[in-house]
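Sharing a structure here in structure tokens format.
Order of writing sets the labels: A, B and C. Residues in every chain begin at 1.
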């Protein structure tokens, strides 16, 4: 496996030389993923909370469909969003297709079920006495739910990290909705796909190494935040 | 339900904000993978972008999909290579002002030993016939690209409906198909530009049949019809088309070389 | 005088089993009630209903003469007056002070007043200067006392204690028992459940005895229970059970 050694050298060279295309792809990957995970958290965490605490008809059905959505292939999400934001789609007027915004929309949709599901299970796994205790001490329902979130914050942090991992590593949504435009919507993963299709395996693998490094750094930062 | 609508709106609001944060004007072009993978666009686009202070967003897909993007109005200009499909695109009113830009040719490549003996063939159709007769592995793009369209034409000329375990429809771009043919030691049809970029280090396959008129591979550039899609940047698209077909643009194209060999040829004026 | 809390024809079911069924129960202000009965007799169910955490399927509750409608806003207000300490209390992650301050913060107390109230409550349970201790470092008895201090800090009108003395070391038990005994005199109505039949002798409260979800007629509690209504033949069926039969 000569090309593994070659790819290792290539990735080092790219990182040390701060190659413009690589820096741009890293930036696109990270910024799109961060925006997506922020939006997905704003929607997914309350969604998971509501499902975990709430009592409503079809609750089991909602949980099952949430689990199914987690298994949704990224290209299917890409296709659905594509159909909506293409010029011929209902939201075509915004001209979002093949922009970073389109990727944000798609990756948000991708991450919501993950964040919601992890939130749901962390709350299900939490102590059943938290809510009644907060309520009986005179906290309003909203205050009680905030206390519950505080108690399971590690679980919710894990939900966000899992969602981030999924989003930054996926290629289907980024490729279909972003279009792999150089210096604009080219992410680490779509760049890898492109280099692979060009037969530049070593270069692709080098980018993969850089992606792992970036993911490691992000996780270290989150881990650091978690410890505080 | 109200909450859900609010959240959907919120996602789009943020997405739009992100979108408008970059103010530079952008021209969207869908093109075939060969123009991008060969590296031509890297030298062709920057002079235009500098001159007009615009960014050209390249979406590199198969020709079939590139034209579909034009039909839907998701791009402003298309740069492709499948004359028949282009003509239909124009006839249906989706595009206007098609211009010839450049050409190269298709080649049939295969293992150096040439088990099907196609290097002695008189025509491309005959070459395909002997591949089919011998049952040698043939990798087809299978993705409705310009190359795939041309390949299907040739099978038709040969009077063969390719089917069987030897005929593999990859459904991938030119690069992966050459890689696949190399791994399986099979035949395939490729555009010369992409093959030249792979030749040597990335593949040990060789050109076994070329030089026929029927393998001519012309590239055309078409503006998306503003009457069908009022939002397209027609003026900018025309500026780009004018630039590509200007003496300066053509000089860049004919001067572009990979491994010391030209990839695309321009028409003599 | 209005009862602090008055329950009339209250029924709570678990599936098609009767969890609790009371014709009438009145709790008078400033008194101490001892709730006894075997396991599964409905003690915790009753305490949860009194704490307004569980809504019974049927029946009516009156708080200080006002009918409870179980509307969210009203419940939030009432729960600021009624506090339940669970059988094995849950302490929120953080320090002792975080826990004791919780109910106070929910009532808008802050700053110096908050700090002073927390210190006072901790002093009442004999845990002075425990403020900055993390809850993970507490013994079982200390944890129970912190929970009690947390409940008392909010100065409830009605304090409900579910087995406050179970599984507690002797020192903590003495502190807690003494404190409970002193509460009615300060105007707090207390209901505590217990397994200990002799608790009443020491604390001098009034007995509420439950059996199979129903009240057993106690001795000397004429003002508490309407005995005539207690002797109903054949209890009404729980709704779920009714459906089962139909």
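Structure notes:
The rule is short, and it goes like this: a residue touches a chain if its C-beta (ideal position, glycine included) is under 8 Å from a C-beta of that chain, and two chains touch if they have at least 3 such contacts.
Just so we're clear, the structure is a prediction, and the values are computed from it rather than from any experiment.
Considering the contact criterion stated above, the chains in touch with chain B and with chain C alike are A. Comparing chain C-alpha centroids with the centroid of the full set of protein C-alpha atoms picks out A as the closest.
Among the other chains, C has the CA centre that is most remote from the centre of chain B.
Across all inter-chain contacts, the pair with the most C-beta pairs is A-B.
Inter-chain centre distance (chain B to chain C, centres taken as mean C-alpha positions): 77 Å. Centre-to-centre, using mean CA coordinates, chain A is 46 Å away from chain C. Centre-to-centre, using mean CA coordinates, chain A is 32 Å away from chain B. Those residues of chain A whose C-beta lies close enough to touch chain B in the complex are 35, 39, 42-43, 86-88, 91-102, 104-105, 108, 179-185, 196-199. Taken together, the chain C residues at the contact with chain A in this complex read 48, 51, 53, 72, 76, 79-80, 82-84, 86, 88-90, 92-93, 102-103, 106-107, 150-151, 154. Against chain A, in their complex, chain B makes its touches with residues 7, 10-12, 14-16, 18-19, 26, 28, 33, 37, 55, 57-60, 72-75, 172-173, 175-176, 178-179, 197-198, 202-203, 229, 231. Here chain A touches chain C in the complex through residues 127, 129-130, 132-141, 143, 147, 150-151, going by the rule given at the top.
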